[in-house]
Structure formats: structure tokens, C-alpha cells
């Protein structure tokens, strides 16, 4: 705990970027609204990991934890509202297909 | 309350007041308009030839609300208020049954307010503020004319907005170069950058005076807009303002040298405007449209005069501006009189109105001989001054000016013949002379034409010469021209115009069509020779050539229109449709844009960091 | 030290694997469960970084509550039947087959880059209690949390309750 | 005193959620309205120096890490004004009872959130309040539950989530460098760190997050859809203050207070701003939907603000802040007019409208004022801010951008005249023969906002600009 291994941080950084790639790939290539939200969740996980690591590496773990707790609250409310919108869309379209979301354009 | 604020505030408040009054209460509006304009006349005459400065606290960055009255601005202010008053007087009768009277009065007053503001402002930004404000009233004044006037209004608006944009850039550049935005403190030598600023400012100024190539809305407005508007803005006020600013640019803000290429540029613009506009005027068959092309053509003389950068030319240009305001305004008012009484301005239909409307005819004759430059009317003296300066800078300019003068005379002979002489048609048997409210402004203007001609020493020595300050010391411009050769040429040209008119009338038996043949009278030696060498019948071929020329000019005119109206708009709308296509509603595409943008931003930052 | 480091690396690898499974699996329910699994593995990592307070939150809220929300959403929206899933499978596979490859390329490619890691780390301060930090220094965040939770409540009222009435 | 801006709406909301529901449902509209009005008036008085905003002491328990400057005051003023207008407009659109109670409560929460954004002095708190406003905007957009509203909201949610990710990543990277979140600490740390690539990445990510939230091209995909699909009062709110606060204000705040100006940052801002100005203005021209046209015009105007910010001189920042305020006023005014039109004619297709100025004089005149103000015609407010922007660009030697700004303002004039002509001028169609002016609340909104535009324009040289510059 006392000595920080810089390579660990580097590896975590790589893993974060890999998670980013996964999340964005998911948002791009899925045709399902719920899965798009899961992609967003993956992205948030990656960010959480990055913040915690940053706190750990710099020794400001208390602050990092405080931030992550707030972040989790925000995340939950965000997901609740987003799923509400998804369910509403399902009610109107009868499907979760993202390709049906092209009504507004131009 | 400073007295300098009054000419700005009184008409503005009166204009707003009129908008709030019900359109049924006609007399109140007329009373307010007359009262407000008359007060302005009194104020501006009482301020005449005085000097005053007034400053309100500014907002910093060199933008200060400074008003400054000195010789030139007091003189322009008096002229514009006086003309506004006369037009208002005329409108009382002319607009009596028109539905748009309320808006017209209101816009007229607001226009007057903005003009006073623009003339009095000493700070370029505030001048620009008033200048842009004029754009609005211009739009409004044209648009109220008729149902189709909308297109013309848009055209005028677009053309003026584009040139005002140039002026805005010019003002920015000038402020940057001079380090101040106060006109009275700016004095720049013509470095390359300053030249750019100069050209940009000149574009704004000559566009306000509706010189070529910024003129194309004026003839359209002549048909669509209410007639007093034509007499008010394009004929008088805009010339005053545009040439005022042009002389400010050339005399005060920049040190324009007679040898410089900019001077030649201005003279070329002036010459082209004279000749092209007057040629367009020749082929017109409508009273108002013909006058409107002359309104453009006359600007050419002023620009030519000021562009020579010689004291005599500048005096001539400014004097011509003043004279033009009188006779052109008067001419438009006679047109309005004819329109009101006869119900048409089509020259094919008119004729023989001289007996029915003698006073109108008299005013027309005085104004027409003034504009044609017949001695001893005012137009003659200012034109002689310009000829003198033009000849000094090059015979070509002189020739162009003289040619323009010839065509002017010919077209006015045609106009007068077609409208007032000849046979009276049956349907105009009952035409009567207009009421005194309409005649009085005409008569006053016609009288002024004579006075400024016969007693030209007073205006030249007292009004115009002081503007030049040191440059004019030791010169005398008043009195009958000393160079009799030039006068002789002028007289020859006028005589030739009359002869050619008579020939034309004889050939066709009609005043309107007379001019078709007169274009090719032998005085136009170059064209004449060309025609004679190549063809049998100089008249016929010359007719074709010149009408082709006129058609080409017309096409150029339309091309300029087309660039303004169609080309730019089509390009922009095509782009817009393309953008619509790309916003296809797929959110993953939007996500992709965002990610792409993010990568670009980060790569850019990292590369620069 | 070496063991700790290896353990951390191992956790990171399974974190990536869980994320990959979340994205790649063809059933929505499994995808939601995969997300919860990712959360749990993240919790492990947090635990190893001595962030106990967050661990509790992450386990209960992210791994628990959010999974419940997702699963109930999926069941509310009547997911595809098995035959339909099979029908879409091939097209899905064609779209997602490149992901592991991409991840591999990104991971390997990044690990070869020499990143300048000698940024100035602030001196590690004496560890304060996270709760104290939250209450004393981050009080504005707490206020924000209150606002956002109320927003969430109204969101649920607007989006869910009125829907049920309809 | 400052914390009252956030706590008062919360406390009011808690009281409203007590028992006596039927009573509360009746008074909620008036309470919300007066709360917003009080804030607008108080802040306006504070701006003009009638009282000091720090003068009322509060107990230490309520003394958060918040602060205020003129920029914050401007946002507080806009917030009070626009929320007031939105509530008035919502009277015609949201039926009384349960629905209006929920709507007003959400609006009050968002109101508190925007106040939080204005006062926050800490990047993470700023983020939290941005999320508050964004999430309540999502709910408000799909408040009426029609199909398009859900679609617009979903696009907004996804793009907003990506913005959130950008910001949080950036916060994490900054955290790595600074170890603290408050503006001063971050600024000091960034100055010391001498802009390593890590820091530059953090800055870029933060900028991109705000670009998405503000709708700067090419991050703007969601904006038109969300604005168009939301119900009329929500459009007023979104265009007037919500996206302005979460995107534009936060961008100005972060760049001015935290990142500081640096040549690469300025270049990014200038380029993105100019691109938005041009793309937004061009895209408006072929729109047929009234609100969609206004949405694209919003993109263009936001571009002006970003462009002015990128100049990085005090004059540029003042111009950005001034245009920010003006835009809040005239764009809400236009959306109020859109609401009036929608309720009167039942359509937003401009091709089906025409000649409405005769039938709806107040709407016609106020809309013309707003259009002219956007187009920068003197003496309306928009003229001054655009003039300042162009002067600032010119005086800092960004000649090409000054040219673009000037040309685009011509384009703005063009599309605004187009809108005005299609909707308000011309002859009235038969199907519109029985159209009447909107209800009193809509007319009041339009008149208030038009008065502000004209008033600011006429009084500008002597009052507002000095305050902004100060």
C-alpha cells in the first residue's frame, strides 16, 4: 500500500481503454436499446475504475471514495430514467429495435 | 438636453407616436409630421454654419457617443431637413387616399432621425448604427408600396446589407489603423492596408448613393415603391448622405492624392455610372423608371468630381449633389403629380398634358433644363466645374461626362415631349392641375434651381468652399465659367441634342419614339464612324448596335441581379439540403460524429502541446 | 509485493473477460448478469485498493439494484423468443466477432507504447476517513445527491406510475 | 445567502410534498411562479447594484463551497426569468392537477440544479449539478409521453451519457494531477504540471463533454431532435436555460476559471464555434418545422458564443457572456411564439402557415423583434453582442473568423426573414381564418421577453455591458 507501482496504474489505464472500446462498440453495433444502455454502464464502470485508481495512486482515497459514491447515486438515477424512456419507447414501437428510432431527422 | 440631440430625437419620437395613432385619424398624423419636420428645419437652420460638440459617456473600447456639428454636417443637415419638410408637405395631398400613409409618415420621420444621427455622429460605430438603421426604414418604405414590392424591398435590403457589411469591415480596419474611431481624429495616409479600408468605406458610401454597380434596386423601386419615397430617398437624401460620407472619406479621413490610382478608380466608377445609367435611361418608356436611371447617372458626376481630388472637382461634385437634390426631387414630384392626376406614368399613353397642368409643366421644364445643364440654371454651373476638373485629369473623362450630358438632354427632351407635348388622348380630357399642397414643394424646388443657378456665387463661396479649408484658398469657383471653350462645347452638345430630337420626331412622328433614332446622331463620332464604315444605313444598323449594347448592359444589370438573388442562394440552399440528408436520425451516427470530433480535438491539442 | 501485483493483473484480466462476455453474449438477461459480474469484479479491485466504503455501495447498488432494474426492464419489454434470437444470431455474430480482435489489438498496442509516467504525484496525505470527507468537504455534492434523488423519484412517478394507470 | 439559491427550491418542494395534497396541487403553480420571479428580481437588483448578495449572513452549516461572480449572476438571472416564462407557458399545455404538480416539481428541481451550476466552485460539484439538470431535462422532454418525445429523449440520453463519460474521464485524469477538485486547486495544479500530454487529454475531453452538452457542431446531433420533440414549454426551458447552463455556461466557466487560455485551446474553440455558426445557419434554411428551424438557429448562436470565448481577450469573454444572455432571451421568446402558434393552429409546419401577423398581432410583432434581434439589427440587443463579437475578433487579428461571423450574420438575417415571411406575412389561408391570438399567459410571456430585448438593446451602451465587463 505504501509504495505505488506505476506499472499497475499503466495496466489499469489500458484496461480502462479496453472497456471504453467495448462500451462504444456495444453502443454502435447493437440493435437493442437495453443493450445500448448496458454499453453505457460499461463505460461508467471504466470511469469508476479510473477514478478509484487515481485516488489510490495519489493517496487521496477518501476523496476518491466520496466522489465515487456520488457518482454511483447519479448513475442509478440515470439508469432508472433511461430505462423508463426505453420502456416508453417499447410501449409505442412494440420493439426495442434501435433502427425504429429514425422518425426525427433532417 | 443638448440641442444637437433634437434633430435625432424629435423625428424619432414623432415617428413612433404616429405608429401608435389609429390609421383613421389622418389629420393628426399629417400635423405631427409637418410639425416635426418643420421644427427640425428651424433647428437645423438655426444651427447652420455653427460648430458644436456633444459627448455622452461611452462604453469604452473607443465606442463613444459623440455628436459633432461643423460646416459640412450643418449644411447637409439643413438640406435634408428642408427636403423632408417639402416631401411631407407634398405627401399631405399625395397620400390622402393611400392605405399606407400612416407607415409612410412614420418611416419618413424615423429615416430623418437616422439621417440626422448619421450626419452628426462623430464616432464611426454610432454612424454605422444610424446607417444600418436606415436599412430598416428603406426596407419598410419600399415594402409598403404594393403587393409585389416585397421582392424589390428584399433586393434593396440585400444589396445595401452587403455593402454595409463592407463598410463595417472598413470601419473596423480604419479603427485598427488609426487607433481611434472618432472621425475628427482620423487622418490616414494610404498604405496598402489603409487602401483596403478606403475601398471598403467607399463601397459603403457609393452604395448609399446608389452608384453602379449597387444601383439595380432603384429602377425596380421606382415602379413598386410609393412615389414620394423615390423623391425622398434615392433622389435626395441618400445622395446627400452617400456623397457626404464620400467627401468625409476623401477629404478628412484619408489623404487622397490626385495622382493616386484610387482617384482614378473613383473617376472610372463615376464615368461608368454616368454613361451606363444614362444609356439605360434612354430606352425607358416609363416616367418614373426613366427618372430613376437618371438618379443613378447623376451620382456618377458627383463621384467623378470628388474622385478627381482637385479642389475644383470637389467643389463641383458637392455643388452637384446639392443641385441634384433639388432638381431630381422636383422631377420626381412632377412625376407624382402626373401619376396622381392622370393615373399612369406610361409614356406611350401620356401626351399633351401641358395645357392641363401648366404649373407642373413649368416646374418640369425648369428642373429638366437644370439637369441637362443649360445656362443659367444650377446644373450648368456644377457640371462646368466637374468638366473643368475632368479635363485636367484626362480628356477621356471629360468626353464621357459630355456624352452623358448629351444623352441626358436627349432623354429629357423625349420625356417632356412624350408626357407634356403632343396629342392629348381622349381619356385624359378631364385631367386637372394638382392642388397647391403638391404644387408648392415643386415650385419651391424649381425656384431654388433658378436661384442657385443665377446667384451661384453665394452657395459656392459660402457653403461649399469652406469645406475644402486650406486647399481652396486662392481659388474662385463662382460666377460664370471662365473657360469659354468648354461652355461652347456644352452649348454645342445641347444644340445637337435638340436637333437630333427634332430629327427623331420628324422621322417617327412621336415624342416617345424620337429617341430611338437620336442615339445614333452624328455627334457620337466614334460609334458613328464605326457604323458608317461597316454598314449602309447608319441609323438602322446603329439602332441595332446600340440596342444590342443596351441589351448587353441590361444583361449585365440582370447578371448582377442574378448573382445577388439566385446564385448565392442556390449554393447555400444546396448545402442546406445536403446537411438535412446527413442528419438522418440515426443516433449512432451522431455518436460517431462526437467521437470523431473528440479524437480530432485531442489529437490537435496533443500535437500542439 | 510480487504476488499482490500478479493478483491485481489477474483481476484486471477477468474484468476484461467479464466485460467482453457482457457485450458478446446473445441473451439480454445474460448480458445484464454479465454487467453485474463486471461490477463484482470491480468491487474486488476496489477492495484491493482499500476503498471499503465504496465497495459496499458498488456491491449493493451497482451489482444489485442496477441489475434488478435491467432485468425487470427486460422482462417488462417481452424480449425476443428463442427462435427469433437464433434467427438474429448470425447477423449478430457478424457484427460482434471483431470486438475481441479489436480489444486484443488495443491492449497489445497500448502496452507497447512508452507512456511518460513521471508526472508529479502529489505527496500522499495522511488518510482521512471517507465519511468525514464526504460530510465535511463534499457537502455540496451531498446536496446535489439530494436533488438528484428527488429528480429520480419524480422521474419514476412520471415515467412509471402514470404509465401503469394508462 | 448564496446557498439559499439551491436550498430554497428544495425546501419548498419538500413542503409541497407534505400531506394536504389537494391544497398543494392548487398552490404549486403560484409558488413555483413566484419563486422564479423572486429570484429573477433579486438577481437583477443585485446586478444593478441595489444590494449586495453577500450581505445576509447564514449559519456555517449552510455555507457550502460556493461563490458568485458576474457571470454566475447572469446565469441566475436567466434561470429565474426563463423558468418563470416556462411555468407561465406550461399553464396552457399541462393540465391542472397531478400532471402540473409533477411538472412544476421537476422544473423546480432543475431550477435548483441550474442555480447549483451557477454557484459551484468545484469541478465535481459542477458535474453533479450538470447531471441534475440533464436528467430532469430527460424526464421533462418525455413528459407528454408521445412517441417522438421518447425518441428525442433517448438520443439526448445516449449523447449525454457519452458527454458524462468524457467529463468523468477528464475529472479522473485531473484528479491524478491535482488531488483536489476545487477550481483554484485544479488551476494551480494545471499551471504547475506544464501541460503534459495527460493534462492536454483531460482538457480536450472536458471540452468535448461540454461541446456535446451545448450542441456544438459536430457534437450536435441530439439537439434538434430533443428540442423539436419536447412539448412547447419544455422547449422554451431547454433552449432558454437548460442546455445553455449545462453546456455553454459550464464551458465558459471552466475555460475562464480553470483551464485558462492557451493558444491550442483557443484555436479549438474558435474553429468549433465558427463551424457551428456556419453549419447551424445553413441547416436552418431548408427546415419546414418551425421548432426545428429554431433548434438549428440555436446551434448557430451557440457557435457565436463559443467563437467569442475562443478570442480569449476580456472583450471576447464579455461578448460571449452578453450573447449568452441575449440568446437566452430571444430564443425563449421565439419558442414562446412557437408555443402560441402550436396551440392556435395545431401545426408547426411553416408551409401550412402564413399571414398570421394579422390574426395574432402580438405574436407577430414580438417574433419579428426576436428575429431582428437574432439577426443583429440595431438597436436591438442582439446587434450589440454581435457587434462586440466581431469587434473583438477583428481587434485580436482573427480576420478570417470575423469575416465568417459577419457573413453568417447575414445568413441569419436571411433565414429569420424567411421564417417571418412563411409564418407571419402574406395572405391568410382559409383553414387559418378563425385563428385568434393566444391566451393571456402566452401574450404576457412574449411581451416581457420582447421588452427585455428592446430594453437591453436601447440601454445597453450605458448599463449592461459595463456590468458584464466588470
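Read from first to last, the chains carry the letters A, B, C and D; within each, the first residue is number 1.
In this section, a residue touches a chain if its C-beta (ideal position, glycine included) is under 8 Å from a C-beta of that chain, and two chains touch if they have at least 3 such contacts.
Everything numeric in this text was worked out from a predicted model, so none of it was measured.
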Chains touching both chain B and chain D: A
Inter-chain pair with the most contacting C-beta pairs: A-C
Centroid spacing, where centroids are CA-atom means, of chain A and chain D in whole angstrom: 27
Approximate Å spacing (C-alpha centroids) for the pair chain A, chain B: 67
Where chain C and chain D are represented by their mean Cα positions, the distance between them in whole Å: 32
Inter-centroid spacing, chain C versus chain A (mean Cα positions, whole Å): 6
For chain A, residues contacting two or more additional chains: 27, 53, 55, 57-60, 63-64, 67, 70, 74, 77, 81, 84-86, 88, 101, 103-106
Two or more partner chains touched - positions in chain D: 124, 128, 131, 135, 138-139, 142, 145, 154-155, 158, 162, 176, 179, 196-197, 224-225, 287
Chain C, residues touching no fewer than two other chains: 122, 125, 137-138, 141, 144-145, 148, 151-152, 155, 158-159, 163
In contact (per the touch rule at the top): chain pairs: A-B, A-C, A-D, B-D, C-D
Residues of chain C touching chain A in the complex: 1, 5, 8-9, 12, 15-16, 19-20, 22-23, 28, 31-32, 35, 38-39, 42, 45-46, 49-51, 53-54, 57-58, 61-62, 65-66, 69-70, 73-74, 76-77, 79, 95-96, 99, 102-103, 106-107, 110-111, 115, 117, 121-125, 127-130, 132-134, 137-138, 141-142, 144-145, 148-149, 151-152, 155-156, 158-160, 163
Chain D contact footprint on chain C (complex, rising order): 116, 119-120, 122, 125, 137-141, 143-148, 150-152, 154-155, 157-159, 162-163
Chain B-facing residues of chain A, complex: 24, 27-28, 98, 101-106
Contact set on chain A toward chain D in their complex: 20, 23, 27, 33, 36, 40, 43-44, 47, 50-51, 53-55, 57-60, 63-64, 67, 70-71, 74, 77-78, 81-82, 84-86, 88-89, 92-93, 101, 103-106
Complex contacts: residues of chain B adjacent to chain A: 580, 583-588, 591-592, 595
